[in-house]
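Letters A, B, C and D name the chains as they come in the text, with residue numbers starting at 1 for each one.
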Amino acid sequence: MSNQKQTIMKRIGIVGISGYSGMTVLKILFNHPQVRVTYVSANNTQGKLTDIWPQFQGLTKLTCSKYDIKEALKLTDLVFLAVPHTVAMQITPELLKQGKKVIDLSADYRLNNKQDYKKWYNMEHQDLKNLKKAVYGLPELYREDIKKADLIANPGCYPTAAILSLAPLVSLHAQLINSIIIDAKSGVSGAGRKATLNFSFCELTENFKAYKILNHQHTPEIELYLKKLNKISPIIHFVPHLLPIERGIFETIYIQLKEKISLHKIHAIYKKFYKTEKFVRVLDLNQQPQLKNVAHTNYCDIGLSLDQTKQMLVITSAIDNLVKGAAGQAVQNMNIMLGYPEEEGLL
Amino acid sequence: MSNQKQTIMKRIGIVGISGYSGMTVLKILFNHPQVRVTYVSANNTQGKLTDIWPQFQGLTKLTCSKYDIKEALKLTDLVFLAVPHTVAMQITPELLKQGKKVIDLSADYRLNNKQDYKKWYNMEHQDLKNLKKAVYGLPELYREDIKKADLIANPGCYPTAAILSLAPLVSLHAQLINSIIIDAKSGVSGAGRKATLNFSFCELTENFKAYKILNHQHTPEIELYLKKLNKISPIIHFVPHLLPIERGIFETIYIQLKEKISLHKIHAIYKKFYKTEKFVRVLDLNQQPQLKNVAHTNYCDIGLSLDQTKQMLVITSAIDNLVKGAAGQAVQNMNIMLGYPEEEGLL
Amino acid sequence: MSNQKQTIMKRIGIVGISGYSGMTVLKILFNHPQVRVTYVSANNTQGKLTDIWPQFQGLTKLTCSKYDIKEALKLTDLVFLAVPHTVAMQITPELLKQGKKVIDLSADYRLNNKQDYKKWYNMEHQDLKNLKKAVYGLPELYREDIKKADLIANPGCYPTAAILSLAPLVSLHAQLINSIIIDAKSGVSGAGRKATLNFSFCELTENFKAYKILNHQHTPEIELYLKKLNKISPIIHFVPHLLPIERGIFETIYIQLKEKISLHKIHAIYKKFYKTEKFVRVLDLNQQPQLKNVAHTNYCDIGLSLDQTKQMLVITSAIDNLVKGAAGQAVQNMNIMLGYPEEEGLL
Amino acid sequence: MSNQKQTIMKRIGIVGISGYSGMTVLKILFNHPQVRVTYVSANNTQGKLTDIWPQFQGLTKLTCSKYDIKEALKLTDLVFLAVPHTVAMQITPELLKQGKKVIDLSADYRLNNKQDYKKWYNMEHQDLKNLKKAVYGLPELYREDIKKADLIANPGCYPTAAILSLAPLVSLHAQLINSIIIDAKSGVSGAGRKATLNFSFCELTENFKAYKILNHQHTPEIELYLKKLNKISPIIHFVPHLLPIERGIFETIYIQLKEKISLHKIHAIYKKFYKTEKFVRVLDLNQQPQLKNVAHTNYCDIGLSLDQTKQMLVITSAIDNLVKGAAGQAVQNMNIMLGYPEEEGLL
């Protein structure tokens, strides 16, 4: 690699490197030829990065420190925030003010009004100014806005699969829909990296359960961005479950259709809608998504099924919650923001 | 044990001992003080039973042979059929004719007309006479009929959880319901014991997928027995999924209510309906079913959730597919048929 | 059940009910016709027992309280201590003094001298008087002592499998052995029920590692009780590993034999040694132990293999760490102490 | 990419694409900028490659056909054989004769004499000429030979971890060693992709067992290549086990040392031996290998532990059996043969 090229490589920071999302951003960027990770931080652990993540021995000599705004400003051009919600909105304003680009993987800038934020995250929003300017980082729908954005609200894992699964139908045929039921199943890493009994191995292996039934904070996020696609906004019923696996989100989406429509027609609509999208695969009608086909990838696989007589449409979709549902999509957003090929590092 | 007691112990046969259901019947009966397993058979493997199931070393000296009607007639009073569908209806007539009682764990006698059987199992039914006489072995609904029955159609695993979850509402408040969506998730043992690539370890571990979407043969079974509860019969939409675990069925059931009703009222209805049932646990409203709580037990746990505003009711239920979903329920039926305490061997 | 019978049922206490071992003792005793659990306590959680262990709904109305010596004395005849080491030796003296029998599942009374205890558990032993009187609760070796004991040191999970695997050879043919290598693999429940990152689902699923290599505190326990079998005591090299499963211990034991001996002879020695033992199954030479055959049982399965040319003997053994490795063996000890059939509740 | 560059890209064939190893070669080569996979075949399945491996939708338009020597000769420069043993030696001679390079992932060319092959693989070797010329593809030991080779015998998964773990000690300090015990644990994918009951999900999940105890065909492979390092050849005792996970091999290696030596000295020997090796990570003494740190990578992690008093050395090592234990190492060999950077496609 020539010296000249190195000088123009963008310098990347990852705040919250001790979590699974932050770690996955780093892992992807090891294979990205146009950026260098120059700053990593975490508040609960410090020291050699390879002591925190020994799998990276031989790949990096980075040191992890407590977040320090001066260091972050000095060492980075763009910063990924892989921190808990409420923390992101404390860090973001100063980074933006100093001209850095920010991709926030937390929920802080996803809901675009303070009332919803307060209702679902139990706290007043602290950065209303940037809340309005944040761009929702779902490239398949907001690519043009992302190109010009300084602050990306990286979508939630469940909403990524849900919105991609529903966008063609809601955009183009909302009149078919009354309400939508989303039965979602997530791998355990979706809950983050925590030392709690509920997420201990023995409590989860060979187990399965629902949680936050009809009451999960990703519900308003799904509703909001579907509404932006079409003012006729369907009601969303959302129930998440915990799968005894490390990674992956599978959603089974039920729509009672108000009019007759053939499966082939729906399939054609989906195929056309995502024709040029590299990371959304609308499967042939004889195929169905499964988590192993998207694990460790940035793909969202979508399957379609219809009972003609009962007019029931079932959309199934699968993503890797840590990749397309978090870190991969974040890098996809970075690539768009910085003018790189959108799939760089992601294939 | 006195000689006198031995002579009155019922002699039990298990046809299809090499599968998971047959094996589980045997395992339960080891702890049943009033019966002796005197005959086991399998068509794909023969020899010492402990060569087929080494976990039973020290517990049994039974030998497994190819099914032989003469042996079965000579050695048993009651026979469990844990065989594939289409096989059960070939074996059953002669056993019944000779005065034996039969509990069929296959699907052969569950649908009560030949048209449905042909449609869903792709074969003409071969024993129409007994098809009409078979009693559906869901004790919580058909206990009185089971007492008098000679032939039990032991319910399917998915229908057991579905019908128990829905019976109180459908029986008493069918007017609230338009249609019902059942999103079901099953452990791998539900598919039986097979040497196929699709069920190999590497294809399933860390994986999850839907199958037979809106097209599973348990759909008409659920519809049929709900219809028997109430002539206003709701439409059923049923989608099963495969969980990367050995055992357990979890169902998430969605009902868009046509009228307002409070969660407490629904809870009270369920509590009352199952008040005297030992094996159905209607959970308190602050609790939710999880598979680990019913694994290796004959319980069906039921949880209730409601979004008042959206009038969406979600019923969740959990059973062990090999116990309450197959062998446990079969033994429960046997206990009722033979006049033993219903929970004998099952707690 | 008649009143008369109730009055003679023994009253059992379980201290440390919130852990996996304490819970498993309770679960086993639900099926034990001759005792009643009358007292349960835990220091980290209190309230309805079914709030701590919802799987027991319908089976018990017990309430869990903080350990209180007066309550324990008033309500129990025999107490299981399923508490961390160092806690047991604080509770035990008063219980014994007041005439209660104690079965301690912790490590506190296993090593019979204070120096070893201090070396391996980093603490002075606080109850030297009872340390000397405690009987090591491995019924296959110490049944007669257990009958007369008031205090049982219930063996560690690894030592149970190791000592049972080695007892016949060490007792009868120690001259064949120089040293013994034990490569042990344990399910995660062996580590107890803890909220730590190291035991979280995502850190362990699809993972495997060794820990405390050549330095685990069960090493001296194995050495001690092998030495009691034969003064020619072999050196033990012990390495434990963590399996990504809930339950089970598998040990692969390597012995370089000093003299030629045939596999059939060794097998005959083992068969004879355990001839009357219900819970040790010396497998035929064409069979090998596997964890699924002992899961949820009190069995210890033992397999034998020999390379004649290289004079290498390999003994494999499998137990369920929560049953024969903890709670099941504890109940087996209770049965012996109280004069019940040894297998009561355990088959 | 310029046309000119495309013309000089090497054309790669993969024979046996329907197995896990063949699939993994392909997956790695998608990220390799200097080669193109131009031919894939399988004997048990044909058609669109994405019907066999749907996870590759969007990445390839290759079609899989039955192996045809003419096609293979016409379309490829180098061929990976990911076929069962005995098949490779039938395909290899003609490919070599026509000037193709061959990397054989089967066992056919690993043992360098016909007697051993017959003894361990129960068949006469059919290609003695090339058996002598094949180079054992362990780059860390045979890099210079690999550069000049036309036929690579890609090492077995167990031998890769074993030989890398032992090479420094056996090469430089064989006098310390009498015999070596290798307790190996493998994920299920090591057994290949098969439709057999033994490898079905329910038989393996939550299970663990040993197999081919002291009798596995990788034993002579390990002995052979250790002997090449040092004529004082230690005896190898090898016991493999099956882990209930998809991928990974963990080996725990026991060496009773004949002389005193410090752990730091051994560690220094290992560090120096692998100083320039990118894919072997000798861990610091406070660290230990674990499978998750090498999953999906080409690394071999090695840990060292010593009990000074007992003179017992324990070496632990971890690889991904499908990567460093098969496909990754095969690509590493290809890179060396074709003059590419050794880590191309592998980081």
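As a convention for this text, a contact is a pair of C-beta atoms (placed from the backbone, for glycine too) under 8 Å apart; a residue touches a chain by one contact, two chains touch by 3 or more.
Everything quoted here is computed from the prediction, not taken from an experiment.
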If you tally contacting C-beta pairs, which comes out ahead, B-D or B-C? Let me know. B-D
In terms of mean CA position, the chain most removed from chain D is B
With centres defined as the mean C-alpha position, give me the chain B-chain C separation in Å. 36
For chain B paired with chain D, centre-to-centre distance based on mean C-alpha positions, whole Å: 47
What positions in chain D touch 2 or more of the other chains? 203, 205-206, 244-246, 290, 292
Under the definition above, what is the set of chain B residues touching chain A in their complex? 179, 181, 183, 185, 203, 205-211, 213-215, 235, 237, 239, 241, 243-248, 250, 252, 254, 256, 288-292, 295, 303, 305-307, 310, 312, 314, 316, 318
What part of chain A is in contact with chain D in the complex they form? 30-31, 54-55, 57-59, 205-206, 278, 281, 283, 287, 290, 292-294, 296-297, 299, 347
So, in the complex, the side of chain C touching chain A is made of residues 20, 188-189, 193-197, 199-206, 244-246
